[in-house]
Structures are given as structure tokens and as C-alpha cells.
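Two complexes are shown next, each including subunit A; its partner changes from subunit B in the first to subunit C in the second.
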Partner chain A sequence: MSLLQIFEGPLFYIAVTVFMIGATWRILGIIAIGRKTDISPPKASANVGFIAGNLRHFLPRKVFAKRTWVHIVAGYSFHLGLFVLVIFAAPHITFFHDRIWDIRWPALPRWGLIIAAQFAFAGLIMLWVRRFSDPVMRLISDWDDHIGSWLTFLVMLTGCLALQESHDALKATHMLFVDIWLIYFPFSRLMHAMTFFLSRGYTGATYGRKGMNL
Partner chain B sequence: MDLRELVAAMFLFALIVMPLESLQAQSVRPPANAVNQGIDKQIDEQIGTSNTLGTNSQSDYWRDLRHGKDGLATSGQSGRKLIQAQGEQWRIVRKTYIVKYGGWVLATAIFLIVLFYLIRGKIRLKAGRSGETISRFSLPHRTAHWFMASIFILLSISGLILLLGRTVLMPVIGKNAHSIVASAAMQGHNLFGPLFIVALIWLTFMFIRGNFFQMADLKWILKGGGLLGPHASAGHYNFGEKGWFWLVVIAGSIMAITGMILEFPWLAESLQLLQISVIVHAIGAIALISAALGHIYIGTLGMEGALDSMTTGDVDVVWAKEHHDLWYEEVTGQKVANPEAEGSQSIPDHNQISAQSQTTET
Partner chain C sequence: MNAVAQKAIDKFLEFTDSDIAAYADSCVHCGECAEACHFYMATNDPKYTPTYKLFPMVKAYKRHKAPMAGLKKLFGLVPPEVTEEELRQWEPLVYDSCTMCGRCTLVCPMGIDVAGSIRKMREGYVAAGIIPDGLVDAGKNAERTGSPMGVTFKALSAQIAHQEAETGIKIEIDKKGADYLALLSSMEIMGFPEIIGSYAKMFKEAGVSWTISSEAFEATNVGVQIGSGKMAKSLVQRVVDAAEKLEVKHVISPECGHAYGALRWAGPNMVGRQFKFEVIHIIELIEQLRNEGRLPAGEKDTRRITLHDPCQIIRRGGLLQEPRKLMDDSCSDFVEMEGAGVCNLCCGGGGGVSANPRAEELQMAAFSQKLKQISDIGEVEAVVVPCANCRTVFEDGLDEFEVELEVIGLGELVAETLSTK
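Entry: the complex of A and B
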């Protein structure tokens, strides 16, 4: 069995299992904590606040827009670019079809893939630069943040370096980093991809119930 | 037999009788003995096609191949030419001069930096750190700088693999491994290339203010930047920093243009433009990487306190006085009498300095 076969075979399924169980465990753990019963009479709907809190955070606050535009642009650039890369890259669609489910969907043309990758890389680099050059971000960042950023960068980089699809070694390298990333995900702040709606929703529900303007 | 068939037959003959190595090594220029009767005789014996009408010499064939001939069926930008003679010159220039001397230029740059470090050592603050800082670069400045630095490093590594890999890497790691690395480098280089243009435009707009040359720069040059003798006064940027900025802007723009031509070959109107782009791109890369090595050295190992300006954005007040005294005076309004012995002087209120500095930068 070649390294590529191991990395996209047994190791990949182990990584996906760890990812699924770990992520589910973390989300259930957060939900199980629950929240303190608020005995005050509600002034508005907490459920609406939950949804509004989630939606409101997609837009920058006007008062902070000038200070935060770089990382807002970088954040959207990275996350949307990465989403498009993962979901609409032709090699990924084929891989999902062959390994996970029997469904196919339209793939991006190669030039679209390149542009999405450039947006994702530009965004990720800017976000990481901000992490060590902004005094506040530097203070609240630890190794977990940096490892998460670098692992994601290496997954993207090795994937793009293997774009020519001419060498199994490059694909194997990409798959190895994908497997490591999947295993690391549930135990790190990368989990924010699955928990952000809970924290935004919690804040939104709490404030919404009090009738605060979100 | 028309000329087209004759050319095809000659090409087939060449493939049959010549070993691969000699084909690779041999110039495509017409051999000096192109009209040699011996060769004509050999061709006659092999395929019996040479000069059958008695009107063409071998030099005529070569001339037609190189300069075009009606009736030749070719495609692409080459017109009716089967051989582009400039391609051979391009190959020789790239292989003999660019790869060989480019590598030596880089090696020399590294050697000079190491030598300078051994002779001069780390440039330390003469008065020591004061603990008080002054704001030098805002967060957008630092983000633009590190964004460019990240892209530049990725492009430099992948570009050097493409340029020097066959000469330097292949003998060490072997052909198969080099093939893998080169494939990855090509994909990476093409991917990050367009981002360099974004980074260059962003960097230019962020840093152009204060980077125009002034009379103080001439004095700075005459004093050797203070490295070899007396203190050399400088504003926000000294002559070396300004030179580096303009090198990045000008050489970077040339790299961007030639890089886009190479990444999107259909932009080029002729094959010559592609060949020139390869040469110019390689020369620009060697120049930029060599200068970047010096920039990285002086910004990290070479000078105490310099890196702070690009990590925290703040520099020690003593550093500002010793290396950028005119900028310090401009920001604080305080005269620096003797920049090399300022550590013991009273230091203005930090908040006041930061506020003034940010105002001048943003």
C-alpha cells in the first residue's frame, strides 16, 4: 500500500471519525451547559434575538468600520475563498464522490479555482499578520491560534502545489495535512467554524430578550 | 517532392542518426559546413533527397527553416518559420549567463552579508535602550509590509527552484524528486504571482509618503550611512530604505509585467517578447532577492531595535535618535544635539510622541 493510499484511505477515515466524534462532543458539551434561567419578564423574543445576533455579526459596526476594515475584508476573503475551494474544486468533488457519498455537483473551472485560492491565501496571510502585529491580537493569541492558522495554510498550500495532478507525492502530502487538520480541528479553536453561531446566538438571545437593539 | 516533404524527411533523418545527448547539446544554428558535399553525399545515400533538382544547397534549407518559406505549414506565432534562431540565443543566455551568474550573485550577496556581520557585528544602540518608545509604523503599514514579505518569500523560494533547481537541486535530490519539487514550485509561483501585484500596489500606496529623495540623503551617502564613520542624519527613511523602496516599486513593477506575460502567454504578441520576459524576470528576481537578503539582515540580526518597528510598530526613543534623528525632531519638536549620546537625556512624554507620530503617518 502506497503512502497516498494510506493517507486517503485508512488514515483519512480515522481522521474523519475523530473529527466527527470530537466536534459533536464539543457542540453537545456547549449545549449541555445551558444557560442560567432568566426570571425577569421578557421584553422581546429571545429566539428572534438568537437569529438577529447571528445575522448582525456578519456586518461591521459602523463605529468600528474604519479601524477594522482590513481584517473584515481579509476574513471574508479567506472564509469565502476557502469555502469555494473545498466545495467546488473538481478534484474535491471527485474525492467526495469516490470516498464519502454518491453525489456530484458542478465544479468550478480551473481559473475560478485559482482566483478562489488567491482570495483565500490573501485573506489568511493578512489575518495571520494581524495576529502578531496588532498589540491586542498578539496579547490574546496563543500557540493554538498560530498552529491552526499554519495548519490551514499548509493544507491550502499543499493542495495548490498539487494542482498539476502529475505526482502522487504532492497529493499524498496534501492528504497528510488534511488528515492532521481534521484530527486537530475538534481540539482547537478551529472549532469556531462550528460554534460561532452558538456564541453569536447566545449573545443575541440574551440581549434580544432584554429588548436591546442589536 | 516539395520542400515540406523534404524538411520532414531531414527531420526524421536527424532523429534516426543522432543520439539524444548530441541532439540536446547541438546548436540549431546551421553548421559551418552546411554546404559540405560530404553531408550532401551522406543524405543522398541515406534518403536520396538532397538536392535532387540541383537547385538547392544545404544552406538554403537552413535559411528557409530559420527565416520562413512560402508553403511551410506551421501553427502559432512562428509564422512560416520552423526554427526560431533567437530561441537558441535565448537558451544560451539563460543557461550560460542567467543561471550561472545569477547563482553567483546570490552567493556573493550572502557572503558579503556574512562578511559584514563578522567585521561590523550587530549595530547596537550606543546609549542602550531607554524603555520609552515612539510610534513608527501604524497597523495598516505593518500589515501591508508583512503581506508583501509573505508573498515575496513564497515567490522567491518557488522562483529560485524554477531558475536554479536543475543546476543546484537535481544533482543532490535526483531527477524524480526534482521533477516533483519543480512541478510544485511552478504551481505555487503561478498562484502567488498575481497576489504580488496586489501586495505591490498596497505597499506602494502605504509607504510612498516620505520615500522621496532629499538633500539629507546626499549627506547620508557621503557619510556612508554612518556605518563606517560619523553619524549620518536621516528622516523617517534613510537613503538605504528609500533605495530599497524604489527598487521594490520599479523592479517589482517590471517583475509583475513580465510575470503576467509569462503566466498568460497569449498576452505576448511574439515569441521574442516571452523570451525577453524570461530573461528580464530572472534578472529582476536575482536583484530583488539579493537586496531583500540585505534588508532582512539589517532589519533583524544586523541592527538592535530595528525589528520592533515592524512587529510592535514602536521603536525605542534612543533608536529613533541614533538612526532617524531628523524624524525624531520632526515628530517631537525636540532637537537632537548629539544623536550618538542621547540615551541619558530627558525623554518626552511617550503618549505625546505616539499621538504626534500617528498624526504624521496616517
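Entry: the complex of A and C
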């Protein structure tokens, strides 16, 4: 069995299993801690607030934009770019089809992927540079923030190198980093990609039932 | 383990619910919250980053309560134990530099409620006995008299008598079966007693049956500010007992920031049951009376006037449009600040900061941001501040920065611009 076969075969399935079990454990663990039942008479629905809170925080507020524009630009650039790369790169669609489910969808042309990759790289690098150059981020960042950034960067970089699918070694390197990333994910702050739903939702629910302004 | 630190850690963990857990596990350390915090904006000191203020509580959660904490502990991947020294180092961040205004939540991509988290974190500090002296004194006063400033009913009676003489309207005390029981804050009673006369004028005009209790007239809940659930509960219970004894239908929360939240939202949860009366904010009531045609607006104030949005009433209280409607009815030249409404800047003295002399310099620095926000809209002749605590902070701040600007309450403005039939 070649390294590529190991990394996209058994190791990949192990990584996905760790990812799924770990992420579920963390999400259920947070929910299981529980919230006290609020007996004050509500003004509006907490459930609607949960959803509204989630949606509202996708949109930055104009009044803060002057002070946070770097983060807004870099954050959206990275997350949207990465989303497009993961979902619409032809090799990913084929991989998902062959390994996970029997569904296919249209792939982005190569030029589209290159643009998405440029946005993703530019955003991620900007965010990481700020981690050590901005006094606030430097104070509050820890090793987990840096490891998460670097692992994601390496997954993206090796993915670009493997895009041509010209050499198995490049593809194997990409798959190895994908596997490491998947295993690291549930133990790290990368989990924010899932816990954001609870964080925004709980605040939204509290604000919602009190008729507070989101 | 140090006993002081252990007490705080135990409380941190007790108050770590799913909300706190989700916040701790979602914060990506982006630092955007700093850009919304008036203390950071005024000083550019990174230690005032809101999420940083929560670090000791987050550490305790990650070490002891987080999902996978046990597994991570085996590999030495949990944070070290919170120490007493660390708690003391964080005390000024938790008490002096957070007004629990909630502005940072609006900018946070994860929607983290730092203000609510600080409220819970302070419970740990109270358990450990690490509290600023100013708040300890306010707490002692409140335990003794119900008022953080030690205001007694005798002092209130004198102010009521004065307002009765000013307005020519009799104010009923302990009137059983009245529809409304009005609460006041100590700062209103001692600093802005004209609000009592304004209530009398408005309620007479609207035909509202109301009273003031000699046993529970204070709305301020210093227990909420300090972070003492026990004290907060006893102060709420005092109001509940008086209101139910007088069989009133409603209790009016005054123009005081956190009092409304303490009674309306936290109150039933502290007492453990729903009240036999409804809690209504004075701004809600005035607007309701106006909508019913019972409080018609008269000649408008023609000065150029702006409105300050007290955080606990507007952003966290949900009363966004009501004061604006009343302003439009009462002023011919009402001008809004940039970011007015939900995103408005805090005065810098909420959440117990103004009761904490140690924080005075920092509070003034934060107020300078508010002042800049006002000066950015050009010259205004008055600012309406519908919170007695904010109003005191404004008056002290304007004095400190030698700025001439009249500060008035919303109730007073409405009372002064009522239609005279």
C-alpha cells in the first residue's frame, strides 16, 4: 500500500471518525452543561432570537467598520475563499463522490479556483500576521491559535500544489495534512466553525426573549 | 490549593452554563471586541480587550468543566489552575474597566455576551472576597437601607414634600390598591428630585393611580453590580414584598440603567416565582400613555438636543424606539449622534464603575469617548440622558472637561412639554 493509499484510505477514515466523534462530543458536551430555565415573562420568542442572532452576526455593523475593516475584509476573504475551494474544486467533488457519498455537483473552472485560493490565502495570511503584529491579538492569542492557522495554511498550500494531480507525492502530502487537520479540529479552537452556532444562538435567544436589540 | 482562589473557581464553575461554555469554545481571539470597548478606545491598552477580561473564568472552565477537559488533562493540555494572584491582577479589569454595556457583543463575530459573562464572573470574585472598596461600601449601605447611597425614607419624604410644594400635587405614600408603584434610584432622589414632580405632573394629567412605598422605594440593585446573587435577591424581594402588600398592578422601573433588568428579567428567577404584578419601565409607560392619548404633547423645546442611549435600557433593555418617539414629540431640533441607538457608546460609569472611586480616572477617559461622539455632531444645547447614573457621570464628566451642556432626564423633558389644556 502506497503512502497516498494510506493517507486517503485508512488514515483518512480514522481522521474523519475522530473528527465526527470529537466534534459531536464537544457540541453535545456544551449543550449538556445546561441553562437555567428563565421564568420571567418573555416579551418575544427565544427560538426566533436564536436564529436571528445567528443571522445578524453574519453582517458587520457599519459603525464599527472604520476600526475593524481589516478583520472584516480578511475574515470574509479567508472564509468564503476556503468554502469555495473545499466545495467547488473538481478533485474534491470527485473525492467526496468516491469516498463519502454518491452525489456530484458542478465544479468551478480553474480560473475560479485560483481566484478563490488567492482570496483564501490573502485572508488567512492577513489574519495570522495580525496575530503577532497587533498588540491586542498578540496579548490574547495562544499556541492553539497559531497551530490552527498554520495547519489550515499547510492544507491549503499542499492542496494548491496537488491541484494539477501531477504527482502522487504532492497529493499524499495534501492528504496527510488534511488528516492531521481533521484530527486536530475537535480538540482545538478550529471548533469555532461549529460552536459559533451555539454562541450566537444563546445570546440571540437571551436577547430575543427580552425583546433586546440584536 | 489556595482557599481564596478555590472559592472563586467553584463559583466560576457553578455559573458556567451552556452559554459561557459556548462563548469560551467559540472565541477565536480576533480582538474585534476591543474596538467596541470605550475603555480600550480611550487608552489603546490591550489589557482592556473585553474577551481578555474573562480569561480567569475561561481558564477554570477549560481546566475543569469543558468537554474533553479530562482527556486533555491526561496529556497536560489544559490551562494551569487560576491563582489568587491572577484573580487580584484581573480585579481591575473585571470591576473598573467593564460597565457591562454589551457593545462588544455587537461587534463580535461569535455574538459572545461579554457583559453577561462578566456579571457571572463577578459572582466568583464576591465569593473570594475580592471586591473594590467602593462597591463594598455601596453593598453595606444597601444591606442596611436598601439604597447604595444609604438614602432613607426620611430623606425621600423631604424631597417628596418639596416636589409637592413645587407642583401643588399631592403624592400618595403607601396607597393600597394603586395601579402603579413607582420606584426611584438614590441618584434621582438626591441628585435629580425634580423627576418626582415630573411623575406627579404626568400621572395627574394621564389620570394614573400611583403611589410610592415607604418600605421599598429604591430601584438600584447594587447586588447585580457587585455580582452578589444573594444581595441582589434580597433587594428584589424587598420590592416584591412591598408591591404585593400594596396590591399594585404594576411596578415602575425608573430612569436607571440596570434596575429594570434586575427587577424585570433577573427578579423572578432570583425570587423563584413570577410576580403578582407587572414590571414596566417608566419610558415604556410614558410612551404607552402618549399612544393612548392620555399624555398629549404640547409646545416643543426648540433647542438643539441629542439623546444618550443608556446601555441597559436601549441596547440591553430593548427600548429603542420609545425614547425617540418621545424626543420627536418634545423637541423640534432633535439630533442623533453617529452610532446612536443600539450601538451607542456607554457613558463609562455603568456596572458599578461610578461607585468605585479607584476607577475614576479610567471612567473619565471612557467618558471622553462619549464627549467626542457628542462633539462630532456639532454644537448641541442639551443632552437627554434617561438614566440617573449616566446623568451623574455626564455631569461629573462635563465638569471635569469644562464643557457647558445641559443634562436632562427624559421624564422631565416630557413633563415640561406636556400640553397645557
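Here are some notes:
Keep this in mind: the second predicted complex is superposed on the first by the 214 of 214 C-alpha atoms of A that agree within 3 Å, B and C clash if a C-alpha of one lies under 4 Å from a C-alpha of the other, contacts with A are read in each partner's own complex, and residues count from 1 in each chain.
As a convention for this text, contacts are C-beta pairs under 8 Å (C-beta built on N, C-alpha and C of every residue); 3 or more make two chains touch, one makes a residue touch a chain.
Every value quoted in this text rests on a predicted model; they were computed, and no experiment measured them.
By the touch criterion stated above, A:L161 is placed in contact with subunit B alone, subunit C being left untouched.
Look at A:D134: by the touch rule set out above, it reaches both subunit B and subunit C. In the superposed model, A:A169 makes contact with subunit B only, not with subunit C.
Of the two partner chains, neither subunit B nor subunit C is touched by A:D98. Ranked by how many residues of subunit A each touches, subunit B and subunit C are led by C.
Once the two complexes are laid over each other on the shared chain, residue contacts for A:H57 go to subunit C alone; subunit B is not touched. In the superposition on chain A, contact of A:F121 is made with subunit B only, not with subunit C.
Residues 130, 134-135 of subunit A contact both subunit B in one complex and subunit C in the other. Those residues of subunit C that touch subunit A in the complex are listed here as 16-19, 21-23, 25-32, 34-36, 40, 46-47, 49, 51-52, 65-68, 72, 77, 105-113, 116, 264-269, 272-274, 278, 314-318, 320, 338-339, 341-343. For subunit A in complex with subunit C, the touching residues are 22, 25-26, 28-36, 38-41, 43, 53-54, 56-57, 60-61, 63-64, 67-68, 71, 75, 127, 130-131, 134-142, 145, 186-187, 189, 191-192, 195-196, 198-204, 206-207, 210-213. Subunit B contributes residues 139-140, 142-143, 146-147, 150-151, 179-180, 183-188, 190-192, 194-195, 198, 310-313 to its touches with subunit A in the complex.
Across the complex, subunit A meets subunit B through its residues 70, 114, 117-118, 121-122, 125-126, 129-130, 132-135, 157, 160-164, 166-167, 169-170.
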